[in-house]
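Here come two complexes built around subunit A, the first alongside subunit B, the second alongside subunit C.
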Partner chain A sequence: MSNKKREMVVLTDVSLITAIVQRGKADEIVKAAQEVGAQGASIHYSHGRGVRERLGVLGLVVEAEKETIQIIVSSDQANRVFESIYRAGDFDTPGMGIMWVTPVEKAATFIPEDILEKFGREDRRNPFDVRPTDA
Partner chain B sequence: MSYHTTRPHKIITAILPKGRESDLLPRLVDELGINSFNVGFARGVGRITPLRHRGVGETTEKAILTVLVEEERAQEVFEFIFYEADINQPHGGLMYQHPLLANTVFKVPDIEDEL
Partner chain C sequence: MPKEIRFGAFVREVNSRHRYLSYNHVTPKLDHDDNGEPVPVRVRPYKLGSTMALRLIQPYVGIRLIDQMRAVLPLALYLVLFQIVVLRSDIADAWTITAGLVAVILGLMFFMEGLRVGLMPFGQALGSSLPTRAKLPVVLIIAFLLGIGVTFAEPAIGALKAAGAIVNVQSAPYLYTLLNDWAEVLVLGVGIGVGAAAIVGTLRFLYDWSLKPLIYLTLIPTIGLTFFISLDPELSKTLGLAWDCGAVTTGPVTVPLVLSLGIGIAAAAGKGGDGMSGFGIVTLASLFPILVVMGLSVYVHQSTTPADIIAAAQLSNGTADTTPWFDQTPWVETIAGLRAIVPLVIFLFLVLTFVLKEKLPHPGKISYGITLSVIGMIIFNLGLTYGLSKLGAQSGGIVPAAFTQITSVETSPLYDWLVGLMIAIAFAWILGFGATLAEPALNALGITVENLTNGAFKKKTLLYAVSIGVGCGIAIGVAKIVFNIPIAWLLIPGYITALVLTFFSNEEYVNVAWDSAGVTTGPVTVPLVLAMGLGFGDAVNAVEGFGILSMASIGPIISVLSVGLWVQWKVNAQHRRYDETYEAEKQILETGASVPSQSE
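Let's turn to the complex of A and B:
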């Protein structure tokens, strides 16, 4: 391993929202998620079957090609983001997609120093667990 | 049923800038002995992606690495990926870890090298 300064900030109380939607819908849905606090998302293409095959001729309006959206959010935000995605994706309409939330044990990413300082100083209940390690 | 649940496992997922996985994967094999993993590709949308930073756009290509490891090795592997894939750098990606209820053995058996 290299001799870089080592400091891992582990995020806990994190949830993963996964949504499978019709191809072409993902950008609009991610935008809705970002509007209520999600930082970002990863999107990949997939192929699914389900209600489309049961709708007969009407099934043609359901796109077989899917986009799978994955969004990591804090558990506090999960409900809000989930509802926003639900509304933006019209999940109450058959064939529009499916989504779920799974708990994440821990997550890690780059966190700017000023944000670390802010949480460390102002909020003792912060979800960040700072674990400095030696080089 | 023949799946094995003898030891608890964790699944570690890393979302990396595309291309970074090509250096990391051989090191997982050579240095940690992990010879089984999955890599997929996706587009990443974020508020502070490098492209958006330059005013070009906000979508970047990502590689999604998924590794299944025994619970007792999870911390070691998590740290290895975190530091060696430069996740601790700006625009370095994101990684997370899940517990599992059950899993099959995600390990390739040792095979003697052919001469």
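Let's turn to the complex of A and C:
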């Protein structure tokens, strides 16, 4: 490696979609999200309380074990992925789960070289940075 | 057609319509009492319309139904098609059998769900808190009793009892008496074997015992006793039954319940978690019952004579013209279902209350699960009698028509003796191969094995090794019935081969291979193969049709151990090659020479 200062690419315009569904449903939902362009997802195992109990006898068919899916998407994609998950997860049925979108200030990961080339390497100023410029 | 569409309108058509609603309108408003303190919110249950309820229930039922259909339908279709296409005969009582198969699917669905919701939480609660509340001897006694309890709850055990009715008292009196007069004792004996396995398995969890010496210690007396029994012509007819019992026990109730207890104990002692600790209990649970049942048959041999049994059987046949109400469908199945589950539940409940002094977690949910498993067991038992056993017996009874004269098939033998025999054996092979490949438990085992061996032992390799092993085992079992080969001649060399292979294999492959034998015999395969063997034996006038299942157990042990040795050899060879290149490279570096290494 040369002694050039290490470069870091910061991604902006990022949204986080979080969906909590019954255990075993995550694969199907991640697939639906990927079909509309989501890159990947992480799945956590968790336990849920509340809705199951309020469904009474019917609550027995809802798993207490949940899968929490987190998907990082671009803000352009957010709506489309949100809708795709909604349909794949049957969120219009009681007990199926809940999901939400949160804006993400910034993210960083590996960005392939060709994409960097395409958008130039110029040092774009961080739009969230409110410090006075050193002019 | 409009030439221009506003992009906004297009997006609205393509996407769902969004309606916005403030969550503030949805959440409850806090009330305040007279002192200004907030009143705790009372959670009101939701009221659902019938369409909503249906939408909620439909996927829940659907997944579970499809799971069981996958287990039952391919096998049943194979038997039916084989009978119609190759043997050119119709299915007798087709509607009864169809109804029976539907009952099997529904029964298994209810039972498995009930097991998951009702019985498994019991097992987990027991496993995690028992070791901290009680001393080791108490824990071991409870593990032993649990082993007996789960044996009675095992759905395939019912098939064993049903098989008793087919055995001819004249030709195999000891077998007849074991399956009829001693049926309850027989199941208890199997249970004691499983209980003993639970004790040894738990100790193995705690002290990290190697499985190899346990296998040697169990198998050597088992083979010895087999040899001893095979010397007595009357007694040797019970050998097939004894060895089949081992395959019957390791089903969907025993394995998870005993395992969850063992893992809980190991976790409480700070042991386990190395992945291998889950193995071995299944092996022991299928070997110990064999020993116990053989002991029982020796005892029966000592206490009664064949003549007495035949006389007693004829006496009871004479008097039992009118079957009492509790021996008629559906009462006999209902009683069997209750007897399978209720004692186990009572036992678990007593342990929970008096040993652990804990309250039942989620009593409503657990009683729902238990009710479901009882209902499932009853429906499954009905399906067993009218579906699986009947279909299996029918197929087994008709397959010999391919090569020999059979009264029920007029044009038999359908084919040349040799060709027909090949067809019959191929039929058995494909049956074993297909049924095993479809077994979901095997798939799970395959994934575990691939992880444990870092991919050296591929999941697919294991799946095919086990399936081919079972296929060959069942084919040999059928050949055994046709040629009337004494089962000891097959079992003793088979298990001695397995012992030799075990001696040379890695501990990991030993664990996997011996467990894969138990995993393959599920609640659908066991009754089907058992009934098929008995029907087959009946059709070719063999003395008894047992032993196919035991051959299906030894088959995969040998095949998986062999494949394991091969994989081991391949990995070692690869390592050696790497070492050689590494040595060569090191030499080059040390001498600083850029030329290829020279001989010194």
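Rule of thumb we're sticking to: the second predicted complex is superposed on the first by the 115 of 135 C-alpha atoms of A that agree within 3 Å, B and C clash if a C-alpha of one lies under 4 Å from a C-alpha of the other, contacts with A are read in each partner's own complex, and residues count from 1 in each chain.
As a convention for this text, a residue touches a chain if its C-beta (ideal position, glycine included) is under 8 Å from a C-beta of that chain, and two chains touch if they have at least 3 such contacts.
Only a predicted model underlies this, so the values are computations on that prediction, with no experimental measurement involved.
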{"item": "When subunit B and subunit C are modelled together on subunit A, clash or fit", "value": "fit"}
{"item": "First (subunit B), second (subunit C), both or neither touched by A:Ile72", "value": "first"}
{"item": "Of subunit B and subunit C, the chain that contacts the larger number of subunit A residues", "value": "B"}
{"item": "Subunit B versus subunit C as contact partner of A:Lys118, first or second or both or neither", "value": "neither"}
{"item": "First (subunit B), second (subunit C), both or neither touched by A:Arg49", "value": "neither"}
{"item": "Which of subunit B and subunit C A:Ala107 touches, first, second, both or neither", "value": "first"}
{"item": "Which superposed partner A:Arg23 touches (first subunit B, second subunit C, both, neither)", "value": "neither"}
{"item": "First (subunit B), second (subunit C), both or neither touched by A:Gln39", "value": "first"}
{"item": "Subunit C versus subunit B - closest C-alpha approach in the superposed model, Å", "value": "10"}
{"item": "Touching residues on subunit A, where the partner in the complex is subunit C", "value": "24, 51, 53-56, 58, 60-62, 79-80, 83, 86-87, 90, 93-96"}
{"item": "Subunit B residues within the subunit A interface of the complex", "value": "10, 15, 40-47, 49, 62, 64, 78-80, 82-84, 87-99"}
{"item": "Subunit A - residues contacting subunit B, complex", "value": "1-2, 4, 6-8, 14, 16, 27, 30, 34, 39-44, 70, 72, 102-110, 112"}
{"item": "Contact set on subunit C toward subunit A in their complex", "value": "15-16, 43-46, 48, 52-53, 55-57, 59-61, 63, 117, 365, 368"}
